[in-house]
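Just passing along the structure, written as structure tokens.
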Amino acid sequence: MKLIIAIVKPFKLDELREALSGLGIQGLTVSEVKGFGRQKGQTEIYRGAEYTVNFLPKIKIEVAVNDAIVERAVDIIRTTANTGKIGDGKIFVLDLVQVVRIRTGETGETAL
Amino acid sequence: MKLIIAIVKPFKLDELREALSGLGIQGLTVSEVKGFGRQKGQTEIYRGAEYTVNFLPKIKIEVAVNDAIVERAVDIIRTTANTGKIGDGKIFVLDLVQVVRIRTGETGETAL
Amino acid sequence: MKLIIAIVKPFKLDELREALSGLGIQGLTVSEVKGFGRQKGQTEIYRGAEYTVNFLPKIKIEVAVNDAIVERAVDIIRTTANTGKIGDGKIFVLDLVQVVRIRTGETGETAL
Amino acid sequence: MKQMIRKASHLAASAGAATLLLCSQAWAETTETVTEIVTEVTGSDAAAQAVVALDKADTAWVLTSTALVLLMTIPGLALFYAGMVRKKNIIATMMQCFGITAIATVVWGVIGYSLAFTPGNAYIGDLSRLFLNGLSMAEDNLFLGSTTIPESVGMMFQMTFAIITPALIVGAFADRFKFSALLLFITAWLILVYAPIAHWVWAPTGFLAGAGVLDFAGGTVVHINAGIAGLVGCLVVGKRKGYGTDNMSPSNLAYALIGASLLWVGWFGFNAGSALSAGPRAGMAMLATQMATGGAVLAWMFAEWIVRKKPSGLGAASGAVAGLVAITPAAGFVAPMGGLFIGLAAGVICFWASTILKHKLGYDDSLDVWGVHGVGGIVGAILTGVFAVKDIGGVSGMLEGNSGQVLLQAEGVLITLVWGGVVSFILYKVVDALVGLRVTPEEEREGLDISLHGEVIHN
Amino acid sequence: MKQMIRKASHLAASAGAATLLLCSQAWAETTETVTEIVTEVTGSDAAAQAVVALDKADTAWVLTSTALVLLMTIPGLALFYAGMVRKKNIIATMMQCFGITAIATVVWGVIGYSLAFTPGNAYIGDLSRLFLNGLSMAEDNLFLGSTTIPESVGMMFQMTFAIITPALIVGAFADRFKFSALLLFITAWLILVYAPIAHWVWAPTGFLAGAGVLDFAGGTVVHINAGIAGLVGCLVVGKRKGYGTDNMSPSNLAYALIGASLLWVGWFGFNAGSALSAGPRAGMAMLATQMATGGAVLAWMFAEWIVRKKPSGLGAASGAVAGLVAITPAAGFVAPMGGLFIGLAAGVICFWASTILKHKLGYDDSLDVWGVHGVGGIVGAILTGVFAVKDIGGVSGMLEGNSGQVLLQAEGVLITLVWGGVVSFILYKVVDALVGLRVTPEEEREGLDISLHGEVIHN
Amino acid sequence: MKQMIRKASHLAASAGAATLLLCSQAWAETTETVTEIVTEVTGSDAAAQAVVALDKADTAWVLTSTALVLLMTIPGLALFYAGMVRKKNIIATMMQCFGITAIATVVWGVIGYSLAFTPGNAYIGDLSRLFLNGLSMAEDNLFLGSTTIPESVGMMFQMTFAIITPALIVGAFADRFKFSALLLFITAWLILVYAPIAHWVWAPTGFLAGAGVLDFAGGTVVHINAGIAGLVGCLVVGKRKGYGTDNMSPSNLAYALIGASLLWVGWFGFNAGSALSAGPRAGMAMLATQMATGGAVLAWMFAEWIVRKKPSGLGAASGAVAGLVAITPAAGFVAPMGGLFIGLAAGVICFWASTILKHKLGYDDSLDVWGVHGVGGIVGAILTGVFAVKDIGGVSGMLEGNSGQVLLQAEGVLITLVWGGVVSFILYKVVDALVGLRVTPEEEREGLDISLHGEVIHN
């Protein structure tokens, strides 16, 4: 099993959720993060003091999937989150040693 | 060493912290996340516009442990966070290549 | 490639960003977390009810790097985030199976 | 009906002309009669009618009321609206109210007041008060249509009305309107829509006042007027990006509840202050206002409780505003229990208009300016004609056998809707041609706070 | 003491009966004497006492005060309380204040006012003002016990008191009370507890007024009354889930500080407005109020600084409210420095009651309604009997040799505690039987905002 | 110039002495003439001047104004400032305003008022009102320099000025000042700086009043005074840790906009209330205030729009305050259009001072107390001498040929700057020696909320 971590633009969240459901993925975990990268933010000005925001609001999606669908999941995220504009974000894939569903105690792929 | 990531119901946090301390785990990192899954949220209504909240508040606990106690840590989290109700959450276990304690520079298990 | 996860004191963020840029690292992702550990928080008092805060505000930095610079990256983080005081935080290193840049579809090291 | 519209458009034309030409020479038809009718129905105690002399107690109360009405817009309305938008637009929404307060102040002082509150003719005032020229400290320099308060005080009181009315409009096209376009639109709207209508209804020489249309504190001038301008505006500008699909739930209902509360408190100045006197008339107006608002909150709340299973805070706040709107034209003319009934009616009807009808029709009046102020204003205007009590405001309503009053009220409503709707539409189009009404999709998505004002709320 | 309780319960019984039967026929015992005693001590300037005629200046000030007192509840108290609860209950807490404002408005207009402010008998008013029937615009239709303001104005002013008193109670059982149960309880409580006690103390015919008990602006009627109802309520409902173990720190003290500030400002209307006149009496009342509040903030702050090592914002805000509560019965009767002393005393005593005693006794009066309003009200009532100055309010206190006044004050306190405590207890039990007082543990954990009102604060 | 400074320091010395000795015996030089000149220029209607008798209408308005001015500080200023600081300092900032409100209340009641508003001599009042001793309910116990309001009312009104002035100062050294040090400093500052200057300008016997310096509502006494104290303070305390490098963007501009709004509303009491009468003078003052504020908002907004490409909410709010500050000394003396011009000027100049000049000079006046209140106050004081109109305030300005007035105004400004600057500097140094002015770097980084008050905002 793999843990896919995707950093994407916030307004893409709903689309992504639906796209992944299409793959039969029934759960995912989301958190608000700030991203630093090539994309530059707008400037805030307060009484003459200018702050260019280097850290832009992004959404981090964490989703555990079984090896069979990792590829497709990554593709779907890439195509759905893509706007072609700088700042679209990244997808990271990590190995999962174990998964447990707390409610039932199921482990492994059945726990997803 | 392993990194345990647990997604649990927010009100379980304190219990979990105590339970893990019992195992001699002296530190952990927590973040507020939103979870999408089988559990459905309540409906918000604003002037007739209804929004069923798909993303429910969850707590993400990240705790690095040495291999010796991974099993027990996972068990304790599973049993403590369990309410038997849908939405109890998941436990993910990942391999840790390296750990460093910033203050002392210690690495490996002594850094935990 | 590796994913470095560093838990540090919030006010160290800007310094760290600059230090890492020095290594040619062009992106990173940051989130606000709460840390539980040896460091103890201040006490809040409300009408006689005292709450000692066990969970202290920390910053979590996630940065994906290629294997060549992992060591240096970890060192830089350790030295920059270090204050010598308890609560400086931890650095975790994980293996990255895959990285994708959403905008271009590039994968692997070129995606960083 | 047909004839009414013909009449309305005729008036529209002439008033329009009058306004645009800004003809300052007083028209021949100096109207003793009109004035009489009006004096009879305007809000100041019978007692005070006798003598014409500055009364410091009345002055003290109107000064106070002025502060209360300003409180309604900033921070009252600003908070009520800001709490209902998404976080990325909170500052921009408050800024719209704040900026309008400033621009309306200057426009009103420079020309608006003169067009509205000088005799002029039946359709528009004259220019004798351009730049407030002639407004003095003289003890006998009293406010038009009052027999006891200084002109400076009456002018200030009315200014706060000229501030809140345009501010009410912005709720209709929240989250997508250009700030520059807003300032342009509001400036023109105050001169071409607000000032004339205020003159028709409140100047003793105004033709609606002359006809005997009752509007104690501004149900037509303020609320129906803002309501129709909002409705037209949101139709011209179009829906918010993602309307119907994205989650657009209010960012902070605590703000909305604070705002509604301040509107409620400030409305005492709005309604009871419109008595322009500190006597029983003001007391009755305040009392009717309170009964109506209490009733409307309960009506909306229980309606929602039944229909949606839960009574919401936003619903209670909306009910309060609906009740306050509906009682506005009636306050000085109806008895407390009449007020209570008006409130109950407004609560239920506005609930339906804002949460059911709107979704049926599918327009995106973001914060229900039409559903609450337009509809509530109409309910109030009509019911004023029903519940008016001779012993209180000098005029009988249908319940006292004067059924003609209801028609009169309807006439006032219709003329306001037509003139306000038509001219507002033209103004939106003109401004759109000049600078464009709407921000770019990119700016809209980023949020107006950062894209228009370069600011962000950080906690 | 025993005898006092017997007497109290006797009164309770009869007043209860009186209330329930709503006997409208005026009782035989028409009490010239009573009225005299009272007129002497009620709040309107000696000067004004002579003639009985509408005074527009007095009217202007009471109209203003009415707005100020409404401001105390919404948004003042709503914010003060909302800032102290957890984020998941902010909307619900504000909604309780807002909903009570609406329900109290209707109840007061329909029956409450009539029961409290008509002659009736010594224990309860009559029904001559049911549905405000008979309340008119007539120049000579003045407010009971005032010689200069219209009844409509006096009624409105009193309505704002009937609104804030029940709203104060909700702090005691915050985070766990059903909204439906609240509306039922408050309706009954206003009729069976508040109206009678207001009559006893403020109606010239009321038996406590007759006895010479001093309560200028409502120390007993409002604060002790709300305090005891709150205490009984939190005992009946039980502690919050997780009380003592979970972290229940206030979500947003900025709200609490705004709320306390608005309470302070609004209290000028509450206390100085209770002079029902715009003269030296009002000035003295406002001045005493300010000195007391300033003193109480410092007292609580320094007490906390010493005991807890840090002066907290919540402490300062709480001190302000404690001072305002304690000076309420005294305002029109004591000198400024007497006020300062009362404030200092209230600050320290309420600090002790809310932060030390409460934890010792272990009841969960969530926002310290008893500790601040109950205890502060008692401190104020008693000290009024100590510091009253003949030259200011017409009555001497202990310091001027009239030590009997202190006993009188104690009697007033005790009777209020007994009647308020007993009847409130019964009402809680009845409502509990009808709809249940408390939400489910699940709803409590989820938070009342979402579970009762279907709303959430999103930023 | 030289001579002026010599004169100033001489005054400083003597006033200082006078203050410190607290000499209570009234000085020989009883100044008929002075009083005359002053009565002519102080704010109460010509009409009222004739008779000396309590006027309840005037009293009602000043009572109302008192509530409005308190509203300016809490919650107005508290929110304006809290919204501009970082989240970790919100409670501490509000607490500074709240704590000052309490301490100033007690200090003013105990001694400040007596030093400022009793005849005494030209430099300082006497001690006849120490502990408010002698302040009574007598109908003829009127406020110094008023002919119609009770002393208790005038004292309360002035108290709210003594509260907001020190509270304004804290913005200059926000985020780093010790709470204990603040309380000490403010106590001494009120007695040694504020009270004397208030006496010079507002007591009929005061030497600046005698000289004919115009300051209707406190441009010099309040704003220049607070501005210079703030400037000196931020220089003595030093910059915030990380100033220029860290991101110090405002935590919540919604708070700042609410605050600015409440300041605007409350300022009606501040300026129009300073007429101490409910007549045309109050109306004119309110009108001039409104025109100036509207103008200043637009001026700052457009200036920023041009220079920074975007009109910010903070800019609009700042512009409003700048306009309000500048019109403060002028309100009762200039015509509405004069007010508008003053506002426009203040808007542009304060924008430049706060957003450009400050950064050039590099001092860290965190919330621009000097840039807005100091500079704005000076602009207003000078322009009052330009735009004063005889028919309005009894004195002609430069435009009416009395160019000497401008010099007089400048003299007032200079003397205030010198005395305020010098004594404030000494007081900062003394307090620093006693308890230290600044928190530790650790506390500053943690935030004052948790480190000084043990509290945190949780949402």
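As written, the chain order gives the labels A, B, C, D, E and F, with residue 1 at the start of each chain.
Here is the rule we go by: contacts are C-beta pairs under 8 Å (C-beta built on N, C-alpha and C of every residue); 3 or more make two chains touch, one makes a residue touch a chain.
Remember, predicted model here, so these are calculated numbers, not experimental data.
Fewest steps needed to get from subunit C to subunit D, stepping only to touching chains, is 2.
Listed by label, the chains touching subunit A and subunit F alike are C, D. When the C-beta pairs in contact are tallied for A-D and for A-B, the bigger tally goes to A-B.
More than half of the residue-numbered contact pairs at A-F reappear in one of the options B-D, A-D or B-E, namely B-D.
Subunit C and subunit F have Cα centroids separated by 48 Å. Taking the mean of the C-alpha atoms as each chain's centre, subunit C and subunit E sit 54 Å apart. The distance from the centre of subunit D to the centre of subunit E, each centre being the mean of the chain's C-alpha atoms, comes to 35 Å. Residues of subunit C in contact with two or more other chains: 31, 44-46, 94-95.
Counting partner chains per residue, subunit F has residues 55-57, 60-61, 64, 249-250, 308, 310, 312, 314, 454-457 touching two or more of them.
Taken pair by pair, the chains that touch are A-B, A-C, A-D, A-F, B-C, B-D, B-E, C-E, C-F, D-E, D-F, E-F.
By the touch criterion stated above, subunit C contacts subunit F in their complex at residues 11, 14, 42-46, 53. Note for the complex: subunit B touches subunit D at residues 44-49, 51.
Contacts from subunit F toward subunit E in the complex involve residues 54-57, 59-61, 63-64, 66-67, 70-71, 74-75, 78-79, 82, 90-92, 94-95, 98-99, 101-106, 109, 131-132, 135-139, 141, 149-153, 155-156, 159, 179, 255, 449, 452-459. The residues of subunit D lying in touch with subunit B in their complex are 84, 247-250, 308, 310, 312, 314-315, 318, 354-356, 358-359, 368.
For subunit B in complex with subunit C, the touching residues are 3, 17, 26-31, 62, 64, 94-103, 105, 111.
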